[in-house]
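These notes open a run of structures that come right after.
In the two assemblies presented below, chain A is common to both, partnered first by chain B and then by chain C.
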Partner chain A sequence: MIDRTLRHARLIASLGRYTLAREMSFRGNYLVKLSVELLWLFILLAFYKTVFMKTSTVATWTEPQYLFFVGCHFALNGLIETLFMDGCVDFTELVRTGDLDFILLKPMDEQVLVTCRKIDWGTSLNVVMGGVVMALALYQMNWRFDPVRAVAFVVTFVCGTAIAYSFMLALTSFSVWLVRNQSLMEMWWLFSSLARYPREIFRSLAWAEPLSFLFTYILPFLLVVNVPANVMVRVFDPATVAFTLAATAASLWASRMFFRRALRSYRSASS
Partner chain B sequence: MAIIEADGLSKTYRVFQKREGVLGALRGLFHREYKEVRAVDRVSFTIEPGEMVAFLGPNGAGKTTTLKMLSGLIDPSSGSASVLGFTPWKRDDAFRRRFALVMGQKNQLWWDLPASDSFMLHKEIYSIPEAQFQSTLDELTELLEVKHLTRQAVRELSLGERMKMELIAALLHQPSVLLLDEPTIGLDVVAQVRIQNCLREYHKRRGVTVILTSHYMRDVEALCDRVLVITRGKLVYDGLLSGIHDRFAGMKLVRLEFFESVPEGLERYGEISRIEGPVVDLKVDRDRVAEALGAILDGHAVADLSVQDPPLEQVIARVFEEGRSDHEAA
Partner chain C sequence: MKPLETVPPEANSPASSVPDSIPRDIVRPNLDPNAPSGVRKFYKYIKIFRVTLVERMTYRGDFLLGTFLRFVPMATTVLLWKSIYDSSGRKSLGGFTYRQMIAYLLLTHISRMFSSMPGLAGGIARDIRDGTLKKYLLQPLDMIGYLISYRAAHKAAYITTSAFPYAIIFWICRSFFDVPSWTTIPAYAVSLALAFVVGFAFEACVGMIGFWFLEVTSLLYIVMTLNFFISGHMLPLDLLPRFWANLLESLPFQYMAYFPAIVFQEKIQGAALVRGLALEAFWACFFVVLARVLYARGLRRYGAYGG
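Our next item is the complex of A and B:
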């Protein structure tokens, strides 16, 4: 088991090296991508700054807390996009052309090969930029180092990444039956947008409360950024952390089972 | 003991029947029609270790589908198979480490990177020890004469060079079973011969078991002694390559060169396919060759004669046609 895990870790590292080498051979494209991400963060920050010029809180979140939330979202989303997004989006094409054959032939875990084979270094800077924004927010609120909160943050940040990854994997798996999967990837963008806002926004409106319940307990997308941001700069609730851990395990298991079920239906396009 | 066994292997696909026109497409949103296509129909055979077997059939006969079941890419609808003692579609890592599939029309190398980077990735995936990796790579690049091309981006290689790199990638982990699906498709004669030579040499050195599908009979004649012929999903022949002529050719080609002009009345021995000066080509039923030659030699002065089987392409085409006619009649 340990040997297999190490082998997969080494493979991901190798894939990272080769995708970086490929990215570097198209330098211009790489630089444009980095600039776009930087501009996007700048626009987001400018927007929230404007909002907080008119009010002191948004759904009980103060400006520095919200800034931390935005940084957390940016870093987490950057991590997802860097590690998994390209591989998952490309899966549809692999199914359509039959090139998935070559992945299924390899003596490695198919899920790892499908989702991690195209590391996108163009979005990796988002993780760093998100980290800088979080650090800036902590500085603004005079945050004092608390090891329990720090560890809980790291753990729930990883859980949030895993939940988002599971959801992306499940949507990706539909490609085997649908062959064209653009609309489902649109759904990914919709749900990932949900993670961009604090859960309290939905709770403060009666008609939106069912959405909050749905995306917390059924499709736990609202846990992705809310829980790590909360444990770090707001309320540290051990029960919520425990629930997040359980939701992470359930999401990873369910999405893996669904992916494997999808592979059994793979027909391999004619050569 | 057989290294590959297929027993009653079948694969049925459910294929969507698209209606024509916009109205048909709209109707298809609410009511879809499907057709069942039996791509492979109860195919059974065994292959012993070290054999090189050709798997022949016209387009859509079920060759690639069978190879995909044997390599574990798709599950069969019914029947069973064993490759290297494993059930292929369970896709055990131990199984996948010991075989390779090369598809002439698909590309597994990283398009924008040199082939050497893809080879390094294969080394990682198959956990190939450094010394073994280097010696196998040297051996294969030498055999295929592409040592100088491994640092060039794959997209900048010619089709033949790319195919050679694909073959190297497939053989780096020294598989015991090699499945080749039209490895020389689209290649010029020189590249075809180079790949044939490499496969023959590699087979001689390592004793790898090979199943080859190809539409080029030169590949088959150069590499395989045994042939499986499949048409419309059914196996119609399993035997020696030489046996195909006995079973399906039905006649032999007799070339006669007379001292004077070609005499009249040769039609009674067979079909005249060509007359050029004193030389005539006759197609004679296999079981009448001796009788016909005896009669001709008795009655005429013959300067030279030869008896040959018809070209394999012609015989195979006839097998495919028979398979199609039988299917349509059924």
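Our next item is the complex of A and C:
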């Protein structure tokens, strides 16, 4: 088990080195990609700065707390896009052309190969930029270091990444049946737009309450950013952290089963 | 990740790029040879419009789904703005009540439906880079004329197929809207038509930069990302601090989202409305002329490599 895990870790590291070498072949392009991400972060911050010029809180979140939430979302989304997005988007093409055969024949886990094959270094600095925004927010609120909260944040941040990854994997798996899954990015964006806002906004209108329940307890996408941001700068609720851990395990298991079920339906297109 | 709103659903459909070869019956229209040459010239662009329209209508199911999906995040936007208004304890922010704010954000979707030109600038730059631009030079066809016919057909197909989902969504959200007066409707229609011209000509100008710089994709990303904010797609420009609001209202980007929306909401009326429409017409002419100049100058540098 440990051997297998280490082998996969080495494989991901090698893929990372390979994609980095490719990215560095076009350094100018890489720098522009980074500047686009930086520009987008500035636009987001300008948007929320404008909003907080009109109000002191949004759904009970103060400005520094909300800034931390935005930074957390930016970092987490950056991590997902860096590690998994390109590989998942590419899966459709692998199915359509039949090139998935070559991946299935390799003596490695298909899920790891499919989802981690293409690391996008162009979005990697989003994690750092999100981290800087979170640090700025903590500074603004005079946050005092609390090791329990810090550890809980790291754990729930990893859990949030895992839940988001599970959803992406499940969406990716549909490609096997749809063959052309061009709307994957669109569907992914729909889900990620749910994670972009605090859960408390769903209390502002009666019709949204059931949605909040659905996306917290059934399809736990609202936990992805809300829980790590909450444990760090708002309420640290051990029960919510425990539920997030359970939801993470369930999401990973369910998405893996779904992916394997999809692979069983795969019929090579190349021969 | 940037929202996909920066890339309207048209971009996802397979026919968003200009074909490498232009159908022969477009270039040589089956028209009375005795017809005046001006009519013959115009007729071929009508044919381009018709062929593209037929091509686009093939993917109407995709359009319907894409349009519905596009409005789902609007639900979270409604919730966010409801929370902002509730938390602020104010009825109006930047001159917009909560109802007006949601109506504004919905109306910017209509504005963008007219002004966004996915793939236009990238397509022009690609044609320049790989040499396929010469298909316009070897045939009696003006590139800008061809592209405007092609885009007009795209828009006609998109507006037709998305009318049904838009009607449902706007009917659900009807409580956010005030019915405009009958004089506002023509002004709104004009502002949208000019938004189409401004959007088209602006993107064409950006694409023409490809004559001077081989790779403009990165520049396009920056321009489109910035445009998303400064056109007022994210929030009304009135909410920004006065200096920034004044600055952005003096730029042409507002005509791609903000201006048509506030025309419909009757936030600009009388002489100010006429002045706004005149300025929009000025910017439309400015970008059309600029695109023509850039094209003429660019062709002098064009080497027609590859293709």
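Here, the second predicted complex is superposed on the first by the 268 of 271 C-alpha atoms of A that agree within 3 Å, B and C clash if a C-alpha of one lies under 4 Å from a C-alpha of the other, contacts with A are read in each partner's own complex, and residues count from 1 in each chain.
Heads up, the rule we're going with is that a contact is a pair of C-beta atoms (placed from the backbone, for glycine too) under 8 Å apart; a residue touches a chain by one contact, two chains touch by 3 or more.
None of the values given here were measured: they were computed from a predicted structure.
*Asks:* Looking at the combined model built on chain A, do chain B and chain C fit side by side or clash?
*Replies:* Partners fit side by side after overlay.
*Asks:* Who wins on chain A residues touched, chain B or chain C?
*Replies:* Of chain B and chain C, C contacts more residues of chain A.
*Asks:* Tell me which partner A:Asn77 touches in the superposition: chain B (first), chain C (second), both or neither.
*Replies:* second
*Asks:* Just chain B (first), just chain C (second), both, or neither: which does A:Tyr18 touch?
*Replies:* The answer is first: A:Tyr18 touches chain B but not chain C.
*Asks:* Tell me which partner A:Pro107 touches in the superposition: chain B (first), chain C (second), both or neither.
*Replies:* Touch partner of A:Pro107: chain B, not chain C.
*Asks:* Draw lines from the C-alpha centre of chain A to the C-alpha centres of chain B and chain C: what angle do they form, to the nearest 10°?
*Replies:* Angle at the centre of chain A: 90 degrees.
*Asks:* Considering only the touch criterion stated at the top, classify A:Leu205 as touching first (chain B), second (chain C), both, or neither.
*Replies:* second
*Asks:* For A:Arg264, using the defined touch cut-off, is the partner it touches chain B, chain C, both, or neither? Pick first, second, both or neither.
*Replies:* After superposing on A, A:Arg264 lies in contact with chain B but is clear of chain C.
*Asks:* Once the structures are superposed on A, label A:Ser192 by its partner contacts, choosing first (chain B), second (chain C), both or neither.
*Replies:* Only chain C; A:Ser192 stays clear of chain B.
*Asks:* Taking the superposition as given, does A:Asp99 touch the first partner, chain B, the second, chain C, both, or neither?
*Replies:* first
*Asks:* Once both structures are overlaid on their shared chain, how near does any Cα of chain B get to a Cα of chain C? Whole angstrom is fine.
*Replies:* 7
*Asks:* Take the contacts of chain A with chain B and those with chain C, and give the residues found in both.
*Replies:* In chain A, no position sits in both the chain B and chain C interfaces.
*Asks:* Provide the residue numbers of chain C that touch chain A in the complex, in ascending order.
*Replies:* Residue list for chain C touching chain A: 1-4, 9, 12, 65-66, 69-70, 72-73, 75-76, 78-80, 82-84, 86-90, 93-94, 215, 218-219, 221-222, 225-226, 228-229, 234-235, 239-241.
*Asks:* If you look only at chain A, which of its residues touch chain C in the complex?
*Replies:* So the residues of chain A in touch with chain C come to 28-29, 32-33, 35-36, 39-40, 43, 46-47, 50-51, 53-60, 77, 81, 85, 123, 182-183, 185-187, 189-190, 192-194, 196-197, 200-202, 204-205, 208, 211.
*Asks:* In their complex, what parts of chain B are in touch with chain A?
*Replies:* Contacts found on chain B: 13, 64, 68, 71-75, 91, 93-94, 96-97, 100-101, 103-108, 110, 112-113, 117, 120-121, 124-127, 153, 181-182.
*Asks:* Residue numbers of chain A touching chain B in their complex, please.
*Replies:* It is residues 7, 10-11, 14-15, 18, 21-22, 25-26, 97-99, 101-102, 104-108, 110, 264, 266-268, 270-271 of chain A that touch chain B.
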